[in-house]
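The chains carry the letters A, B, C, D and E, assigned in the order they are written, with residues numbered from 1 in each.
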Amino acid sequence: EPVKIGALFDLTGGTADVGKPYAQGVRDCVRWFNEEKDGINGRQIELLGVDYSYKIPQAIAAYKNFMRQGVVAVHGWGTGDTEALTKFVSRDKIPYFSASYSEHLTDPAKAPYNFLVGATYSDQARIALKYIKENSEEDTAAFIYNDTGFGRSPFFPDAENYAKKIGVDVVDTEIVGLKALDATSQLLNMQKKSPAYALIQETYMATSTILKDAQKLGIDTKFIGLNWTFGKTLIELAGEAANGFYGTNSFAMWNQTDVEGIKFLHELNAKYHPNVKYRAVNYIQGFSSMYVLLSALEMTEGELTGENIKAALESMKNFSTMGLTAPVSFSKDSHKGVTALKLYQIQNGEIKPVSDYISAD
Amino acid sequence: MLNVNNIEVVYNDVILVLKGLSLNVREGSVVCLLGSNGAGKTTTLKAVSGLLDSEDGRVTDGEIVFMGDRIDNKDAAEIVKNGIFQIMEGRRVFKDLNVEENLIAGAYTSPSAKVKDYIDKVYTYFPRLKERRTQLAGYMSGGEQQMLAIGRALMAEPKLILMDEPSLGLSPLLVKEIFNIIKTLREKENASILLVEQNANMALAVSDYGYIMENGKIVLEGTSEELVKNEDVKEFYLGSGTGRKRFRDVKHYRRRKRWLS
Amino acid sequence: MINKESLLTVKNIYLSFGGIMAVAGVSFNVNKGDVFSIIGPNGAGKTSILNTITGIYFPERGSIFLKGADITKMPVYKRPAKGVVRTFQNLELFKGMTVLDNLMLSRHSLMNYGIFSSIFYFGKPLREEVRHREKVEEIIDFLDLSGIRKKHVFELSYGLQKRVELARALALEPELLLLDEPMAGMNTEETEDMARYIIDINEERDTTIVLIEHDMNVVMDISSRILAIDFGEKICEGLPSDVANDERVLSAYLGEEKWI
Amino acid sequence: MNYTNCGNFKTSYVKDAAIFQTKFSLIMIYSFIVLTFIFPFFANTYYLYLCNTIFIAIIGAAGLNILTGFTGLISLGHGAFIGVGAYAAAYIFNNTDLNFLIVIPLSGLVTAAVGMFFGIPSLRLKGLYLSIATLAAQFILQFFFVRAEFITGGVSGAFVNFPSVFGVSINSDFSFYFVGLIFTIIMLLAAKNLLRTKTGRIFLSIRDNYIAAEAMGVNVFKYKIISFGISSFYAGVAGALWLFYLTIITPEHFTIGVSIQYLSMVIIGGLGSLLGSIFGAVFITLLPEFLRFAADNLSQIYPAVTSAFAAIREGAFGIVIILFLLLEPEGLAKRWNLIKAYWKLWPYSH
Amino acid sequence: MMDFFLQLVITGIVIGSIYSLLALGFTLIYKATGVVNFAQGELLLVGAYICLQFTVGYKVPFIFSFLLTLVFMFFFGFLIEKIFLRKMIGEPIISIIMLTIGLSSVLKSVVQLFWGTSTRTFPQIFPEEPIAVMDLQISYVYLASIVAVAVFLLLFTVFFKKTRVGVAMRAVASDQQAALSMGINVKRIFALSWAIAAIVSTVGGVFLGNINGINTSLSHFGLMVFPVVILGGLDSIGGAIIAGLIIGVLENLAGGYIDPLIGGGAKEVFPFVVMILVMMIRPYGLFGTADVEKV
């Protein structure tokens, strides 16, 4: 009898451009377990993947359907669905992984069954602030975000408090919509405060707008983007303007072939998808996240009940993801799997790591 | 030039409105079609002009032949090109176009070189329209709108004009004027006219031939002279003879026509 | 006639649209029990006068009195309650509703129950509905609409729709009924019927009538007084016989032919 | 259907105005209601979930139909009004000791007030201009949901605990089903009564010809506002139910997409028909589920084209709507009536 | 200080010109067919992707692929009308609105089917170096869009006032059946207006694509132009253009002056607030024609 796992993907909705590679990563991981690792201790894994188009009612419908089919865990996707399902998964005791890096979803007191592989937005912002503190002469920063749960999550109140704590001056905050065509007025206002760095929480399009307008206006603030701002697509969109842009990214990149996990994924793809020569970072995210979930299932003692899986997860300490992320640890007090990451920078159209692992404590 | 043979018209696939109706219009003649409300006069005209289609109506039986061509269930646009133009009931001017633009729209099927001449011609028939040439048609009074509707027809220089109650809502003076225009049209414009009217006195006066319909069928036809003399026509359409009548003396609301089928 | 009580008084009203003077200083007085007709060429301003009486437009100058009370600036919707109700020149019915609902709607202001109670339906709302339904049935009977009461208005022929409009106005139990070309588009027989209805409404239902109509046979026959206007101005007012022989009326409106 | 004078006027007129005209239809409807109460004892969570969303959708759609179908005011802000109800419910529930059964109508009232406020432009605006003003309401309210953190909890949303009544916690699809069902029945009955009496006729008259309505003594503006109010009340109740079902809401639940979805319900179901609102709500709620079911099954057979199926599914939703409009432009309610008429005449119909 | 203001205004005009383009297509369809097109954003999307396919996929030089796209979109608009909207002639306006909503999901899914969901970029077409206007750097894309707006404005004004087809289009918008009785081929007019609208929005889409790349989320501009078309008056070509510029400028001024006061976000709701206020004073927008309602 197979082990059933539910998965919510966005293949057609508002976040499909990153949702698709992520889903592929999840699927490949399952396939790898099934075909080469003998499933979960001999039981095949059945992945019930559902494209919910980033629509919450459809996510809930899919979840109810998972329950009907008897899944042991769910791998979700965005902030909206993860939040909407929090109450249900805690009631039903279903471990729930997702790619929503909002910190409030990693607090076991509020969301006992939610787990996250990857640094939370708040941690990413903390790490960026830490980097600013250590590398800049002037300790001033601005926050640029969009007015959604996703956009505000890293900054208010976490990054704000942390900046105060370590002595970085947040001199300005600006709102730039996710689909903004221009950010001139915001950047002009920001320029008046001339922060040394600005943290950006957006997706590719708005980030590109910001970087291009900043270049046009001759703004010399340096920009650090959180994980969704950062990737090869940005370089295509922003061109020249992307040069010098920093990103906080908890995952190894496709071109870091010195990392064991990346080398492994190259091989895996050569076998499964011989035509595919490049994988976006989202693929690696999806793969890593599922890898941790499946490994926890393997480690679970006794039946695969929610409580047992949760116990297995909470006992994970410094679990190695083959270098795809910093080692993963969960505990009864924290469901953040990863709290350290490297900063990357775009240099001449290439993404290069520019720091060692920095941890956010 | 127009032969309507035994047509049946059905709305929405269920409502049978015309039940085997036939009529003819000879070249250069004015033919009037009389009948009470709901008899199917408008429907008849629309069947000829192809406007039924836009109301989910269809000619299901019989044929309509115009100058040798079958035109039943053809496109309205094509029928206008063939030379039939319907002046619709209720004027139907383009409310938010001005007078001149309404006329230009009427000339859609005419050669563009002639549009200016036609406009001038309409203005000579209706000087009032010239005064109002830049006014939005929707804000004109009923009579003015009717003039515009007739003017639009002239813009297409049709061979056959179908007029649906052109005197509706017009002042006595204008009614006369409209009928004079009809006479003029026939003499100067060389147009044949199929005229639907409630004002039977006038209609029979300007027409050569008349049909009277009830309930989707022709119940009486004849030359206008014959019809004017017919007792039933006198009673129900002309109002006892020519003189005015005392409405207070008419005691019963509904009397029934003798030819009721 | 002299002792008749005055119902509607229009004093020197003006109304213009853009550059066009639709009504230019018209005054007249309608007494209780009158059939008061307004005639004039197309575009003379007849409908515009009606529109000022019913409040669709407010006159720019001048005033309108109903039973001595100034109603010049009263909003449209308050006037029916004062007894002023109209029909329209081009049918303005509620096409998607049944004939019955058209008439019942008219009586909404006479119905005495609130929105909240209506959600429970039984009790007062139901009693009121039945009471008003009875009144409406009287009118349906009177105008012989019983065969079509459950029909949607858009299904009806033009002539019937005209009659429904009259019925809808009657359902409001008006004191002053304003009719804008009720006979337009009707044949002789139907015109006779309509004339008969108007006479009965006037005499039996005790309703004062202001009538706009181009059918001179009717106007001359059933009016007690006639006002003739042209270019928004009064050209003549008086008894039918006076107006019919007035030179200016003849030249502006009737044409050469004598009507009486 | 012609009314015939048969002596006893009173009972005839009462009968003439009854919702269910024949004994047969009355029996059918009672049996149906009984069945709906028995159903949850035999159904699994997934089906109960679908029913629960359908209940909420029916109430919301009925509300929108009152405004759009009956009064003729097209609203593109219904989703936001539903949001107002949900947030109001969360706020009241968390800050008072009131039972959620009281909180639900209260949030309806709050939403009605907000709806009436956003109805004010109807004083001057007509037709499409007004609809787009309601679109503005949608965006302005969304902004409010995000920014008025002290009331709405901002972007991280509002939470409540599972409510309970008579000591029973409404924390499962099974228990919520009864709450949803009862509210749906009450709300539909109230709407039906409202619409078959004075107010309903006034709404229709405004829809059909507002100038004539005014000339017949209708205070058009007042009733437009009332229509906004009633419609929003329904939205508010739907929103409050949604909150208590989910116990957590964020601004993302009440986007323009939701407004459009409700609009499709009333159009597909049939404008100006309460029955249509029910059909529309059922149809639009089940359609994506059905399409997903189909897509999933097909993907299992042809896994290589999984992503193509995903894209097609979105389009299929559009296609179904388009087909509906092309084939059934007057909505499902119309078709239902035709079917009913057919069976009434059976076996004499051809 | 003045500099700041000027910069905001100029950026506003520049962005506004894109809004104008998008609004124009919308207004065209409304004017001729009375249809409020909720699939406007998707038309734009299809246009942009087609152009991308020509330039990137088939390596056609941009200017040719742009022209090819316009031709393609002309027929595409034509076809859409023929397949989907033709049958709806005469149905209630709200059903037609719904149909365009359905259409929007169909078009979106077609785009996803052919081009997927990842963000795609045009090759460098306009010079990357912006040019300086009054101390402000403006990209060439925006200049091109301003020029396009001016050209369209001129073309359409003449078209609707002076040409017979233009007048016929307005006649159709005013009363379809009466237009039919004039011999106006209503179906062709409808198709034509969709064809033209498809072209206009394609121009907007291609410019948008050149600013920041394209993915399916670009279709959301279809909704964002509502304040513009309403402010200008639904049926006014000039109105659409002027309102586009006004909204662009207001948005930026709001961003510049109000954002700092309320902590940001004004830029996005402000157009809607302005829209409502203007509508309360001018119910048919700045240049829209009032419904003729004579009784």
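Please note the rule applied: contacts are C-beta pairs under 8 Å (C-beta built on N, C-alpha and C of every residue); 3 or more make two chains touch, one makes a residue touch a chain.
In UniProt terms, the chains line up like this: B = ABC transporter related protein; C = Sulfate-transporting ATPase; D, E = ABC-type transporter, integral membrane subunit.
As the structure is a prediction and not an experimental result, all values here were calculated from the model.
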{"item": "Intersection of contact partners for chain C and chain E", "value": "B, D"}
{"item": "Greatest separation from chain E - chain, by CA centre", "value": "C"}
{"item": "Most distant chain from chain B, judged by the mean position of its C-alpha atoms", "value": "A"}
{"item": "Pair exhibiting more inter-chain C-beta contacts, D-E or A-E", "value": "D-E"}
{"item": "Gap in Å, rounded to a whole number, between the CA centres of chain C and chain B", "value": "29"}
{"item": "Centre distance in Å when chain A and chain D are each reduced to the mean of their C-alpha atoms", "value": "37"}
{"item": "Between chain C and chain A, distance of the C-alpha-averaged centres to the nearest whole Å", "value": "73"}
{"item": "Separation of mean Cα positions, chain D and chain C [Å, integer]", "value": "41"}
{"item": "Where chain B touches two or more other chains, by residue", "value": "139"}
{"item": "Residues of chain D engaged with two or more neighbouring chains", "value": "143, 146-147, 211-212, 307, 310-311, 313-314"}
{"item": "Interface hub residues of chain A, defined as touching at least two other chains", "value": "11-12, 20, 147"}
{"item": "Every chain pair in contact, whichever chains are involved", "value": "A-D, A-E, B-C, B-E, C-D, C-E, D-E"}
{"item": "Residue numbers on chain E that touch chain A, as the complex places them", "value": "4, 7-8, 11, 14-15, 18, 109, 112, 116-119, 121, 124, 128, 130, 137, 139, 208, 211-213, 215-218, 220-221, 252-256, 259-260, 263-265, 267-268"}
{"item": "Partner chain C, residues of chain D touching it in the complex", "value": "1-3, 9-10, 13-14, 16-17, 189-191, 193-194, 196-199, 201-202, 204-205, 207-209, 211-220, 226, 230, 272"}
{"item": "Interfacial residue positions of chain E with respect to chain D in the complex", "value": "36, 38, 84, 87-88, 91-95, 97-99, 101-110, 112-113, 116, 223, 226-227, 229-230, 234, 265, 268-269, 272-273, 275-276, 279-280, 283-285, 288, 291, 293, 295"}
{"item": "Chain C residues touching chain D - in the complex, by the definition given at the top", "value": "54, 56, 75-81, 85-86, 88, 92-97, 101, 104-106, 108-109, 111, 113, 115, 118-121, 125-126, 129-130, 133-134, 137, 146-147, 149-150, 168, 172"}
{"item": "Of all residues in chain C, those that touch chain B in their complex", "value": "17-18, 20, 39-44, 47, 89-90, 144, 156-160, 181, 184-193, 195-197, 199, 214, 216-218, 220-222, 252-255, 257, 259-260"}
